[in-house]
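Both complexes below contain chain A, partnered by chain B and then by chain C.
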Partner chain A sequence: MSAIAANPAPRRSPFWRAVISGTGIVALIYVLLYALYAFWQPDALSVYTFTDLVNNSTPLALAAAGETLVVISRGFDLSVAGVVSLTNVLMAVYPLDGPGGALVSLLMCCAIGAVVGMINGILVARLGLQTIAATLGTMIVCQGLALVILDAPGGMVADFVTYTLTDTLFGVVPIAGLFLVAAIVLWLAFRRTNTGIGLYAIGADEQSARFSGVAVSGVRITAFVGAGILYGVAGFMLSAQTATGNPTAGTPFLMLTFAAVALGGTPLSGGRGSLVGSILGAGTLMLLQKVLFSGGVSSFYTGIFQGFVLVLAIVFGNTVARLLRKDDAR
Partner chain B sequence: MSTDETRLAVRIAKIAKSYGPTVALDSVSIDLRPGEVHALLGENGAGKSTLVKILSGVVKPDSGSMSILGSPYTPHGIVDARTQGVATAFQELSLLPNLSIAENLMLPKMPRGMLGLASHRSAMAAAGRILSDYGLAHFDPDTPVGVLSLSDCQRLEIVRAFTHAAKLLILDEPTAALADVEWLFELVRRQKTLQTAILYISHRLGEVRTLCSRATILRNGRSIGTVELSGASDENIFEMMVGRSARETINALPKTGEAAPVALGVKGLSGGILSDVSFDVRQGEIVGIAALEGQGQRDLFRTLIGLAKARGGSVEIDGVRAQISSPGAALHFGNGLAYLPEDRKSEGILAGLTTASNMVLPIISRVGRSGIVWPAGERRAARETAAVVDLQERYLHFKIDELSGGNQQKALLARVIMTGARTLLLFDPTRGVDVGTKQSIYEAIRKFAADGGSVLFYSSELPELVHLAHRCIVLYGGRIFAEYQGDAIDEQTIVGALIGHARGAKTGVAA
Partner chain C sequence: MPSEASSDRRGRQKLDRETVNTLVVFGLSIVLIVCSRFISPALGSWSQVLTVLILASFLIILSFGQGLVILIGGLDLSIPALITLGGVLTTTWVGTSDAGVWYMLPAILAICALVGAVSGIGIVWLKVPPFIMTMATSIVVASVALGYTSGTPRGGSPSALLWLMKAWFLGVPVVIYFTLAFILFGWLLQNFTALGRRLRALGTNRNAALIAGVGVNRLELVPYAVSAACAGFVGMMLVGYSNGATLRMGDSYMLPSIAAVVIGGSSILGGSGTFIGTVGGAILLTTLGTMISAIGLSEGWRTIIEGGIIVGALLVLRGEFLTHIGNRMLTRGK
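Our next item is the complex of A and B:
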């Protein structure tokens, strides 16, 4: 009976664990796709093309990063579509120029996301609403607000934001990428806090987490607020890309964030996963568009391919996980 | 009085707790001395788990008081309880499978390293110290808990409680999954010397006698009394657990013919934790299954009705060899087999539909005319059976979730009877229903048997087995441990058999 205790599952090095995790799989897919891209499009390896790709991917990657926080805590957050629309519209209707203006705009976007996240968190953790119901409500309210502020596509995002944030640092580092790096660094720190560990705990089993002393409501609210802030930054970066406002700008994000999260190896059942995987997942979805385009496939087919890659990646990930479990059980 | 109180580690006085109309604890008083291992005994549903939750700070009592070393103890949460020196190893284990052993031991606060972030290295070191301190040095603190065996998880749950329990340690069924009991006993003895009071909850009387000096018995949410274990025989204790008058209210059961044909024949059935179970249920016979939680009764019923796969063995219904793949298929072998599920909410009722619709569901094709089910026809069919289970007619057009639990259960029993199956499987048919409803359900079951039907039922309440069953089978560790017939079905005997004490039978079946 104590054989299992005496001979615990084989330990793997952190590197090997990362490779076989969902993050490793999506990273592999990304590299393969990029190779294909370079094959069809010789300038794929140029700084210009790479910067363009990072710029295109950043808004979705940040939104998917935020969604990951909620998904790990075993929840769904639909408010991403609302927050992105609302912040985009505000950026276009009230442009603030110069570096100071950009900073104020960024803080405003974060604040809006934080307030929406706080409302989501309170509705779920304190009033006991289901996550989908609560965030569906806040999504619709935010989209409504966006329409009130700007009833048709238009407006102008401040020039400083549009130019600087799509540029490169020292001619090589895409500035948008720095936002992703910042999100990853903050995430790696966060997952080593009590709240970060609590996030995984409540996602696996809320009752056990409570019995283990985790402050369940507090962790849940933190997850929603963190997610909201990331959606705010996503809206900010989207505005820098499009340079204009659109009250329905966030709508495509709704499904694509979940696709990016799932592609990144975070199961929608909670308790596992990584924000880094989701960022790579978002990158993969955007890269796929480029690859198909450079391969001469009509953009109408993009959705079909994205769906296939998503399902294949999840099936592949599950298969690897099952094989490993068999390995451990032996 | 005051000197007496300060000598006590923990005083629990007149604690009461109700959930809506259900009284979980009526009045419970227990005194624990420092360094005492005190047993808490009682049947399923006596209120033990509620008391554990109150002491652990998970649930607040409605009234009553608790004190530790003379000062009042009113925890507002599990962390608060821990800081006051009270910790619990929960029966249903509260570990997180996706976190490492170290993280589980440290929750909710990790040791900090650089930059105030959780330090992997010091968490490993601290967990390693705890593990080796409690004789589990061979555990790697970095292992995810999800890969551990159930027995190892239980050890971890126990160790975690020990590390936080300075004044009161609560062990709720700590040996349910434990392979090595001596390991726990050693730890308990060591903790005693630190003057920690230990509340020990177990169904295994042998263990209780080894470890504990005194025991408090709970029955129906009341503490019946505290006894010195050295001066109390097993029979005394069982009698206190069950209540003296239980046997007196028995109704005479009509005899069944020994020679009646076999309605349900089970041979060598295995599946889940069930192994090699064989028995017959004859026509007109009511057979009761008695078992503590998790002894295979669930596997037995689910395997019989086709919700779980059998590993081996055979089932015959009215002499017809039955390969049952689903509850729907079970109706078509012999004269049919129908099942009343355990959890009325999730497996029984269809909340949005009327009571009548819920009742006629299995025979919907017979009620309908030319493929359409008319409400009038539905109600007519339901009305006939409603009378059998004593369900008032006016409830038939109500949505079933508007009915009380007792009436829902009557409707579900009616549904099972309406299927026309002559053999019924009833899993805890009176769980959570009031006394009046119980009588109606008993009547319906007896009448069904008197008309030649056969019933196999599991009950978590012993008096019910005594009242209702012609024959009673005790399951223990997935096997048939004992079997009693007619007048031999006696609560005290069964209580003994439930925990592996049977007259003339070997104890300690594959624990």
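Our next item is the complex of A and C:
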């Protein structure tokens, strides 16, 4: 600390700091990858392809955004798989048509996510369980509930949800993208609040944060509830995508959200990172799959690919975090 | 209790906590078996108890590996994939022909252990969190198994495995003798060998273990390799039990393997727990599972109950609740 005070590092402009942060790097990767995709498939630049890509990425991006809240506060949240499955199943078994129905469904998904997040938060912050252990428990219970509601893939999501949410606004803006924009705007506002600053503080050093007057358990519970709500919305958007219910719909999310978070420059050790990076990370993962598998490779290569990408993303995230730390220390 | 001026209570307290927890878990299993007679007259009979023990043997062997991983503060999520790998390789490479069964089965176990060691390498040297690394290994292995069998594994069980799972000796299935031997072996390994003590030291405090001269990096690979080999072996046992392999044969074992360890009194943070406690946890869970099936509850309810049990056990163990009660019971007599 004293060394830093004695030798203040030259302050960079906010723009430059954003570029060298994890978010900047992942944004660069995304643009390069998209250019590559456009080079191979010229129709990648059409509104239709872009909308399709945004639609595909939105559920994962929202789930990764939620996970980021918990990861920044130094924790892991496995309940993402359970909440996505549970909300997807509910959307398929109890479809509510029309704009009003869609709104009620969305609120229902948010409420389920919030309740699960609240339970996680209480288990972790008030009852002192480890985050992995507590969220593993809630994930299992949610998956069980999903199986009780729908024991095999089936059901139909309301037509209004399926058609409207995968459409574009004024023929250019994908509606799913608006959900992402809303999440980003809320995040940018949230990170400036006391709770938002506290989130980084408890992730960096919980003890110091407590001594500095951060309401640690309150912040943790907020992080879990916020994460849960985002998982709920992710489940809602996934249902709009798939138009059907599947009690194990959330399982692939478990792995991909962590890959997206790591790729987005949020180290899994907490205290740093950004929700925007994770959203871009999720977009990159989906784009990468699209680029590599546009030829129609069998599903078993997809699994191998996902496993490797997951590990590589984390190694990449660790490396970026180390480089940035060095940069800070200098 | 502070008034008791004993010089060193640490050793005794630890013993108390683990012993008390083990006794509670075994006691609950027996109570459940007895009570299950009220639910259905078919339950609780001798043959039913044997069936429960056979089913529990899969879980006991799995949770030995999972327990070692949890002992060093990790978590192994690749168990289902490795069960499938062990099973699929056994039916396709050996199958009913029994060709070279005596060296092929150990070779398959070695392959599984190697996969586990790869997870360990990622965790130790690439610094990937354990649950993510094993999840990644898991999806790669599952995909390879899917691609290798093109969806439908062929072949049946070698006769040696059929014998292990189906034969009886002196009125008790052979597999139960085998499991008892395995429990003895696992208990001795974990509590009375240098390896077991080093693992416990690693789980308690990695830095302290390093300073004490434990080669922590290489040691950390061992539990993942052992866990993978155990899962591969359970894959073989399942092949013998159902005379064939499927790609989803391991799916239902991941959560119980963690639950058994946690219920058995191990700390999810690592550094504490006994294999005997875990065995109790496995038997308790299996008993509960058969009861749930007998009542006719669906898969979903079973999952919910399992999740609830995991959280409940974590909460009870966290507060040293049982230690407290145990110590009070022990000191009351004085």
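In this section, the second predicted complex is superposed on the first by the 286 of 330 C-alpha atoms of A that agree within 3 Å, B and C clash if a C-alpha of one lies under 4 Å from a C-alpha of the other, contacts with A are read in each partner's own complex, and residues count from 1 in each chain.
Just so we're on the same page, a contact is a pair of C-beta atoms (placed from the backbone, for glycine too) under 8 Å apart; a residue touches a chain by one contact, two chains touch by 3 or more.
Here the structure is a predicted model, which means the values were calculated and not measured.
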Which partner chains sit in contact with A:M139 here, chain B, chain C, both or neither? Use first/second/both/neither.
second
By the touch definition at the top of the document, which applies to A:L178: first (chain B), second (chain C), both, or neither?
neither
Per-residue touch tally on chain A - higher for chain B or for chain C:
C
Per the contact definition in the header, classify A:Q130: touching chain B only (first), chain C only (second), both, or neither.
second
Going by the contact rule set out at the top, does A:V93 touch chain B (first), chain C (second), both, or neither?
neither
Look at A:I304 in the shared chain and tell me whether it touches chain B only, chain C only, both, or neither; answer first, second, both or neither.
second
Going by the contact rule set out at the top, does A:N194 touch chain B (first), chain C (second), both, or neither?
first
Which of the residues in chain C end up touching chain A in this complex?
75, 122, 126-129, 131-133, 135-140, 142-144, 146-147, 255, 258, 262, 268-269, 298-308, 310-311, 314-315, 318
Which residues of chain A touch chain C once you look at their complex with the stated criterion?
76, 78, 123, 127-130, 132-134, 136-141, 143-149, 151, 247, 254-255, 258, 268, 298-304, 306-308, 310-311, 314-315, 318
Per the contact definition, I'd like the list of chain B residues that touch chain A in the complex.
56, 58, 77-79, 82, 88, 90, 93-99, 103-104, 107-110, 115, 117-118, 120, 136, 138-140, 142-144, 147-149, 151-152, 155, 179-180
The chain A residues in contact with chain B across the complex are 1-2, 4-6, 8-9, 11, 189, 192-194, 196-198, 200-201, 203-205, 207-215, 271-272, 328
